[in-house]
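Two complexes come next, and they have one chain in common, chain A, joined by chain B in the first and chain C in the second.
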Partner chain A sequence: MLKVLIPTIMLFPTIWLTSPKWLWTTTTAHSLLIASISLTWLKWTSETGWTSSNMYLAKGPLLTPLLVLTCWLLPLMILASQNHINPEPISRERLYITLLALLQTFLIMAFGATEIIMFYIMFEATLIPTLIIITRWGNQTERLNAGTYFLFYTLAGSLPLLVALLLLQQSTGTLSMLVLQYSQPLQLNSWGHMFWWAGCLIAFLVKMPLYGVHLWLPKAHVEAPVAGSMVLAAVLLKLGGYGMMRMMVMLDPLSKELAYPFIILALWGIIMTGSICLRQTDLKSLIAYSSVSHMGLVAGGILIQTPWGFSGAIILMIAHGLVSSALFCLANTAYERTHSRTMILARGLQVIFPLTAVWWFIANLANLALPPLPNLMGELMIITTLFNWSPWTILLTGLGTLITAGYSLYMFLMSQRGPTPNHIMGLQPFHTREHLLMTLHLIPVILLVTKPELMWGWCY
Partner chain B sequence: MASRLSRIWPTLYRARLSSALGSRCVSQTPKSSASGAAVASDLQPVSPAAHDSHAHAEVSPFEKNPDFHGFHHHDSFVDEWNMRLAFFFGISVAIVVGGTFIHYLPDHGMRQWARREAERLIKQREAEGLPLMTDNYYDPSTIVLPSSGEE
Partner chain C sequence: MANYKEAPLATQPKTLDPAEYFNLSPDYRRAEEKRAALRAQLKRQYLEQLNNPHRKALIEDPALTRWTYARTNNNYFRPTAKTSLIGGLFGVLPLFVLYVVFKTDRDKREAKIKAGTYERPYKLST
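The block that comes next holds the complex of A and B.
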């Protein structure tokens, strides 16, 4: 763990002491080296669920895929932001990359935390750099509203979590996840206990987001600059999923009845947000709602609490993280050229950007869960486990899959196919940087087809 | 066909841009206008290389540096080296070396061994005509139970 954490902390001196000419080169190379080292985490040395060399930070089959995703994303964020941050004064450029590296550090410590309070503190700490990135570097005036929604939705969910954790500490005497997984099932039989159960989960359900509390996500994703959108879609949503997976261990007897409304809300959300996607005019908003839709499926899979549900949830989280981030990068390339997110303004792009059309194609195929990509494998496992729980869910999940295919194809056809309008003809060609960015997103997704057992978690 | 298009696109783009550029410059009306009052365009002359907030100058960076890679707008040396290092660390180190490392990871939990062993045993038992699996894991004759009368 330290072999990645210390280089990440050393990113801060790198950012502030490098000469302005070589800032982006050095930070890109440094963060790619960190990402390469993080791949060594995939060698799990023992058969247990966790491997830890100390009491505070651990790694294991459940968290390592998410950790590797986090470390992989930092260089991609730096590559994506290079063009639009470049004209700013040098100290603001350094500040921007510092915020990204700070986010990375908090995320590594959050995912690796063995104690729930440390996880909670890092969970909250990730809000601050993200809020600064959205409100300072977003492009429209709505970014202030977006930052407010983002901050207060998450805080409103996580303050009950703090109270619930303090109550748990009082009753069990420990909040270390290593110990809690062996504790006796708690006697949960009163209304107060039900509120405690809800308090433990609401924060993560807001973060995932669950359909009823998802309003912060379209605003935050759309108003954030490209690096903010990437990190939000790829990693911060998964914090919610991971937190839920860890908390479910202790909440057990009550979850059988109380999870019911949340599962139904998640499934209904898949259809509703999918339908909203079909009617979107704003490209980033479409991708944001598609994130809500996929995360609804993940939330359903986690709340079911079966081995297949958990495995499917992890696989879908990793695959969705990479693909959603790729789609935001593609949307940003269109935005940087036309300065608008409206879809009808940037259509027929295949004629003028043929290689980019290939990236759009692969990203959209992955989004609509084409086999053999891991998106499909995760979705199928979750759909199967939901069917096992109740056969009626196949109506909702099947319709959801259909609508997902619908809006992914709609996004592709709208942006790539059709006649190219005249105002598009004068756009700048695609940069090598942008092609590299897309390659670094999509090649891991394709490589994961060959070794999916990296993502199966401890429930295989 | 795509490679042909991608080769001719930059030249086509530059030709279109330079023709479009002429029509995008702010027109300076001559001083002898009918109104005689100061025209706004005289007060604020606009340079043709105006930068907007994204530094997408009216002049594209491809004009000065046809090999622009998207990394650094003004210095082609830094731009080229940034591209080389990003590709080296991103693809050659992270994907190729990292991917090889992952490919040669040991068989965690002996799962692939278990699958191979099961297939081998099935083939062996079918060849010998034995049932694939018996009810008793251990041979009952090897289990020695204490007799019920003694303590």
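The block that comes next holds the complex of A and C.
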């Protein structure tokens, strides 16, 4: 763990001390090195659930894919931001990359944490750099509104979590996950206990986001600059999922009864947000709502607490992280050229950008969960386990899959096919950097088809 | 044009009626000239942008801006009886209906498991 954490911390001096000519090259190269080192974590040698070299930071089959995703994403974020940050003065560029690296550090420590309090502190700490990125570097005036919604929704959800954690500490004497997994199932039989149960989970449900409390997500994703959108969609949502998976272990007897409202919200949310996607005119907003839809499926899979549900949830989280981030990068390429996110303004792109049309095609196919890509594998596992939980869910999840296919196809056909309007003809061709960005997103998704054991978690 | 007579079964279009352009008041004429001048200015601005060889950006269309603003901001939502009914029917009622459906289904299964009559349809060892 330290062999990744120390280079990440050393990224800060790198950012501030390189000469301006070499800033982007060095930071991208440094973060790519960190990403390659993090790939060594994927070699799983022990048979037990966790391996840790110290008591505070550990790796496990649940965390490792998420950690690798986080480390993989930093060079991609830096690559994606290069164009729109370049005109700014050099110290602001350094500040921007510092914020991204800070986010990376907090995320590594959050995912690797063994104490739940440390996870909580890092969970909250990731809010600050993201808020600064959204409100300072976003492009429209709505970014202030977006930052406010983002901050206050997440904070309001996580303050009950703090109280719940402190109560847990009082009653069990420890908050280390290594110890808590062996503790006795807690006696949970009064109203107070039900509030405690809800308090533990609300923070992660808001972060996921669950359908009823998802309002911050479209705003934050749309107003954030591309790196902000990428990290939000790919990793920060997964913090919620990961937190839920960890907490569900200790919440057991009550979850059977109390999880119903949240499962129902998640499943109905798939259909509602999917339908909203079909009516969107703003491209980033469509991708943001599709994130809510996929995460609804993940939330449903986690809340029913079955082995297949957990496996499906992890697989879908990793696959969705990569694909959603890829879609945001593509939307950003359209935005940088036409300076507008409206879908009808950037249509018929296939004629002038043929290779990019391939990336759009693959990313949209992945989004609509095409076999054999891991998106489908995750979704199928979750749908199957939900069917086992109650056969009626197949109506909701089946309709949800249909709507997902509908809006993904809509996104593809709207942006790529059709007659090319005149103002599009004069757009700048694609840079190699952007093609590299897209390959680095999509190649891992395709490679994961060949070795899904990396992502399965511990429940296979 | 002065001896234009309309076709027997058709009405005369308004623009060909001589009264339209011979009986105008000077105020109306001045206003109409100002409007024509504004239109010509706008058209000139648009054509300058359109034919500018160095132009790289899209020509901004205020109608499009208004349309996207209207579509993306939900400022036009007002809670009326109809919208509340639709919201309740699609947003609130399904949650309760689904709760009832899932709960009864799961409780039936739980009762069968407790009674020992539940046949497991799949053989899953893990």
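The rule is simple: the second predicted complex is superposed on the first by the 460 of 460 C-alpha atoms of A that agree within 3 Å, B and C clash if a C-alpha of one lies under 4 Å from a C-alpha of the other, contacts with A are read in each partner's own complex, and residues count from 1 in each chain.
Methods note: a contact is a pair of C-beta atoms (placed from the backbone, for glycine too) under 8 Å apart; a residue touches a chain by one contact, two chains touch by 3 or more.
Model, not experiment: these values are computed from the prediction.
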A:N189 touches, of chain B and chain C: first, second, both or neither? neither
Partner with the higher number of touched chain A residues, chain C or chain B: B
First, second, both or neither for A:H84, with chain B first and chain C second: first
Chain B versus chain C as contact partner of A:G426, first or second or both or neither: both
Which superposed partner A:W268 touches (first chain B, second chain C, both, neither): second
Chain B versus chain C as contact partner of A:T342, first or second or both or neither: second
Chain B versus chain C as contact partner of A:Y260, first or second or both or neither: second
Touching partner for A:E453 - first (chain B), second (chain C), both, neither: first
Touching partner for A:Q181 - first (chain B), second (chain C), both, neither: neither
Partner chain(s) touched by A:T281 [first = chain B, second = chain C, both, neither]: second
Footprint overlap on chain A, comparing chain B with chain C: 339, 426, 460
Chain C - residues contacting chain A, complex: 56-59, 64, 68, 71-72, 90-91, 94-95, 98-99, 101-103, 105-106, 122, 126
Chain A residues touching chain B - in the complex, by the definition given at the top: 21-22, 24-25, 28-29, 32-33, 35-36, 39-40, 42-44, 47, 72, 75, 79, 82-84, 86-87, 336, 339, 352, 354-355, 425-429, 431-434, 436, 439-440, 443-444, 447, 451, 453-454, 460
Residue ranges of chain B in contact with chain A within the complex: 2, 5-6, 9-10, 13, 16-17, 20, 51, 53-56, 60, 62, 68-73, 75, 78, 81-83, 85-87, 89-91, 93-95, 97-99, 101-103, 105-106, 108-109, 111
Chain A - residues contacting chain C, complex: 260-261, 263-265, 267-268, 272, 281-282, 285, 307, 338-340, 342, 345, 388-393, 396, 423, 426, 459-460
